[in-house]
Every structure is written in structure tokens, then in C-alpha cells.
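There are two complexes below, and they share chain A, which is joined by chain B in the first and by chain C in the second.
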Partner chain A sequence: MTTATTSARANVKPTPTYETIAWKWMRYSGVLLIPLVWIHVLIQDVLVGVHAIDLNYVVERWANIGWQIYDILLLAFTFAHGMNGLRQVAFDFFQTDKARRNLSWILFIGWLVISFIGAAAILGAAAKHLA
Partner chain B sequence: MTTFMASLRTTLAGYINYRGREGHYSFLLHRLTGLGTLLFLTIHIVDTATVYWMPELYDHAIALYRLPIFMIGEMGLVFSVIFHGVNGLRIIYQDMVKPSSWSIHTQRRAARVTLVVSILIWLPAAYIMARSLLAHL
Partner chain C sequence: MDVTLRVFRYNTEAGRTKPSFDSWTLTDVDPTDRVLDLLEFVKGYHDGTLSFRRSCAHGVCGSDAMRINGRNYLACKVLVRDLNSTTITVEPIMGLKVVKDLIVDMEPFFESYRSVLPYMINDDVPADGKERHQSIEQRERFDDTTKCILCAACTSSCPSFWGDGKYVGPATIVNAHRFIFDSRDQAPGERLQILNEQEGVWRCRTAFNCTEACPREIHITQAIAEVKHAITSGNVD
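Let's look at the complex of A and B:
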């Protein structure tokens, strides 16, 4: 490897670590997020609009298992993609292993807590209001 | 703390002073649109979750989003989501499909095409949202 050239370097496959898996995850989840997020934004922000959205609208949507599944996927993939993206941006500013480890834990716990708050709402709201 | 401030200064100076033209601007725009979308997403998960946790608060949250300033922000959000997606596809294509085709020339052109495509997708959405904004002034 001491005489690595550009063409030799292009053929080296790195051993998978957490960071290479996270790097690939951003690309795979990114492809999935394009239909998932764009359809959501097209319907809610562009076609329906914030003036037609109220509590009833959300509850009725979540009474439909199809939209519940859709919104669970949306929550899981967008927020994980976003929080890992924030972690990668923050790594530019926090350069010691200790700081990066602490930061990763804080973001992981924040991700877990907010994901739980959102998922409970998607799964529980219709049952609560329509009971 | 001093090492953190030093690294903050070095990184920010790099963000600003790096002279990579199109590649530099698309890197910055990708990060800004990503962080902006994440900021809104975090707030949006919590405010929508009030439907279950504190239903009496949901109408207040929606009332905020109906303010003209938030509707303008929403148009910016839609642009962010479109640009981040189109530029993401460019990155994925370059990283995972055709890494061997990388060259400064094609990347600069791809970055310009990405911006134009994003604006073209955004314009019809912005038109509909602007019409709604004017109708509710």
C-alpha cells in the first residue's frame, strides 16, 4: 500500500465499521425518503394546506391503518436520517473521540425520546379521540 | 473550551473561505437545507404529537403555522426538502453508481443542473402555496 495510486485506491474496500454503515445508511434511506417525504409534503403543505388542517383532520387520518403505517415509516426514516446528518455535521466541530462519543449519545437519546413521543401519538391518537 | 473554540473557528473559516465554487456552494446548501429541515421536523413531530398527548394545545400550534410569516417559511421548507432530495440523488449517483466518472467539470455542471431542477420542481408548489397565502391574508 506504500505505492498506492489513484486506480489502486479506487479498488480498496474499507472494512465495515459503524461509520461506513452509517454512511451507506444515509444513501439508502435518502433514496427511500424522496417518495416518502415528497408525497407527504405535496399532500399536506401544497394540496391540503395548513388552513384545512385541524385536530379532526389529524385524528381521522390516523384512524386509517394505511396512513398510520405511512407516518410511522416517515417518522422512523426522516428523523433517523436527520439526526445522523446532524451528528455528521457536528463531527466537523467536535474533533476529539470523547466529545464525539458524548455527542453521539446525547443525539441518540434525543432521537429515541422524540421518536417515542411521535410514534405513541400516531398509534394512540385515533383510539383516544374516537373511543 | 478553548480547543473547542479554536476548532469551531477553523471549521467555520473553512466553510467560508474554501474556494470550490459550485461544489462548495452545493455542500453548504445541502447542509443548510438539511439542518433547517431537521429543525422544523423536530418541532413538527412534537407539535403533531400534542394531538395525542395534549390535544388542547394543537389548535394553538396550527394557529402559529397559519401566520403569513410561517407560510413564507413553509415555502422555504418545501424548497429545502426538494433541493436536499435532488442534490442527495446527485451525491448517491456519484458515490454509489458511477464513482469512476467523477471530474471537476462534470461535478460543476451537475451542481448547476441540480439547482435548476430543484427550482423548476419548487415553482409550481410555490405558486399554489403563494396563492393560498394571498387568499388568507
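Let's look at the complex of A and C:
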């Protein structure tokens, strides 16, 4: 029996839109968050314990470049994942293109500012410790 | 058994300009009676102005999707005993404008359905001049989504659709799936392009309400996921 697939079905991938990228971002950041969050919880809450965490512990931790990068990534990815989810939910209440575009920019700028402040705090604390 | 039937009423022609509920206590109801039977009884013996859609009454035409005790069903398929309650509340499906009693305006639903080109597109002459052959596997690829009867039980149970009436909704995606994965069709790219827009598949939050509501037991959330995957991969095999 002939079961050939025509060439019109061979390459049908649409040009990615902003929504395609945002959806993929949700999946990729979600997968990345699994190790980032669980390692964080394991160390802070189980191995070290919340009662043993004080200023000295934080300073020692952030003196290490690896932990600086880790915590900045944890903040940036978690917050971006959450902001993208919030954007999806908020779209139910903002239904015009203009309102959605403005909302997306506000959330993006919010994410950028908070991530920058967090990164500055982590790197600043380490710089102060080294000085 | 006795059953209290509560029905949503809104009928401007009968002077009922505000939504409200009417109740009837029905006696000698058989547990195997369908909710449609109860509605027909009320319309025939108590209130002839009660309005609802029905046609085949056998779960095929998809006319009588309703919200029964908070869940979407076809009134002609759900039995009284399946509801596990002696009080049955019947409301119109949600997310579509109520026209009269249990009748909603289905036009936005069908407009969305038409947007994804729900018909075979292939202008080539078949190899033997007569038929476009398909293997069992190729036919099976989209078998599940051929079962849709366009009752709107899925779309009107979708929280994304309630929040954003411009979202194409699960029924539209199911019917696009039926042709996107049909090896004989030559326009899967056009449909994927349409569903890749802002009000397309990306508005789906994977709530699974649609799958639960479908009277044909179509795996709707899975079909939507397959369309999402086809958009990101370009693979429609």
C-alpha cells in the first residue's frame, strides 16, 4: 500500500513567536530549577540547618565565586519563571495587544531590576568581605 | 426516587429579564433516567417555556452540553444515578453568552473552529487517480481526535477560555489536530501557524478540565500537547 508523505508535510515548523519562546522558557527554566532549588534546600535546610545560618555563614558562602554564580542563577531563573507565569495569568485580565505588551515590559523590567539588585547584593557582600 | 431539579432560567420573551433558578420536585424518577428525560418531562408537563437544545438524544449530535451539578455533561448521556445526588442543578455551559434558559450563543465557538481550516486540504491528484491510501498506523495517529462532536463541553469547561474568550479553546485545537496529523493533508503548516499566535495553543494551562468534560473521552490535553510539540519541532508524523 502506498503511504507516502508529501513534501508539504516535511518542514512545517512555524516561525517562533514571542509566545513560543516564552513557553519554551517556562519548560527549560522549570527543568533547571529542579537541581537549583533542591540543592539549595538540601544544603540550607537539611545539611546546615536554618538555625546555624548567620551572617558569618552567608559571608563565607558568598566569598566563593561558585556560590555567587549559583545564587544569582537561582534568583534569576526562579524569579523569571514566576514572572512568566504571572504574565500568563495576568493576560486573562489584560486582553488588548497594547495592554499585554505594556504588561510584559513592566514585568520584564521588574525582573531585571530585582535580579540586578540581588546580584549586586551577592557580589557586593563578597567584595566587602575581600576588602 | 424523588429528585429536585433546579434549572437556570433567563427568558426575556417570557418576561424573565433577570437570571434565576426554577425548581421542580419530580417523583418516581428512575435512577437510569437521563437528565434530558427530566428536562423533557418538565417542558412537557410543567413549563413549556423551558428552552434547551437537543436533537439526536443519543450522545452523537452534541446539542445538549450543559453544566450539571457543576460539571459539563451531555444531558442525554448522564444518568440520574451517576450524579449521586437527589438535587440536580442544570445551568448553561460557561464562557458563552446565554440567549435563553440553557441555550447559549455558539457562534464564537464555531468562528474559532472555522479559523483552523477544519477540512482536508489536498489539491493533488491521487497516485492511482482514485484514492489517497493510508497505513493503519497513519490513520491511527489522529483517530482519537476524529471523535469530536463539537458539543463545546471542553471549551466551556476551560478556565483559560473563561478568562479570555478570544482563546481558540480546546475543541478548535482538537479539530486542528485531526488534520495536522493526517498524512493525506497538505496544510499542517498553515494550521500550526494559526495556533502559534498569541490566542492559540500557548493559552492552554494544562488544567485537564477539557479531558474530564469530553463526553467522547478524547484525550484532549494530550492532543494539545502534541500540537505544541509539532509547533516547536516541525514534526507532524
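We adopt the following convention: the second predicted complex is superposed on the first by the 113 of 131 C-alpha atoms of A that agree within 3 Å, B and C clash if a C-alpha of one lies under 4 Å from a C-alpha of the other, contacts with A are read in each partner's own complex, and residues count from 1 in each chain.
Note that contacts are C-beta pairs under 8 Å (C-beta built on N, C-alpha and C of every residue); 3 or more make two chains touch, one makes a residue touch a chain.
Owing to the predicted nature of the structure, the values given are computational and were not obtained by experimental measurement.
In the superposed model, A:Val12 lies in contact with chain C only, and not with chain B. Annotation for chain A, partner touching more residues between chain B and chain C: B. By the touch criterion defined above, A:Val46 reaches chain B but does not reach chain C.
Applying the stated contact rule after C-alpha superposition, one finds that A:Asp92 touches each of chain B and chain C. Within the superposed three-chain model, A:Ala121 lies in touch with chain B and out of touch with chain C [touch as defined at top]. When the shared chain is aligned, chain B comes close enough to touch A:Val58, but chain C does not. Of the two partner chains, chain C is the only one touched by A:Ala22; chain B is not.
Shared contact residues of chain A with chain B and chain C: 92-93, 95. In the complex of the two chains, the chain A residues touching chain B come out as 10, 27, 30-31, 33-34, 37-38, 41-42, 45-47, 49-51, 53-55, 58-59, 62, 75, 78-79, 82-83, 85-86, 89, 92-96, 99, 114-115, 117-118, 120-121, 124-125, 128-129.
Considering their complex, residues 122, 124, 127-128, 133-135, 138, 160, 163-164, 166, 183, 185-189, 192-193, 196-198, 200, 202-203, 205, 228, 230-234, 236-237 of chain C touch chain A. Against chain A, the residues of chain B that register as touching in their complex are 3-4, 7-8, 11, 31, 34-35, 37-38, 41-42, 45-46, 48-53, 55, 58-59, 62, 65-66, 70-71, 74, 77-78, 81-82, 85, 88-89, 91-92, 95-96, 99-100, 125, 128-129, 132, 136. Only residues 1-6, 8-9, 11-20, 22-24, 88, 91-93, 95, 97, 100 of chain A touch chain C when the two sit together in their complex.
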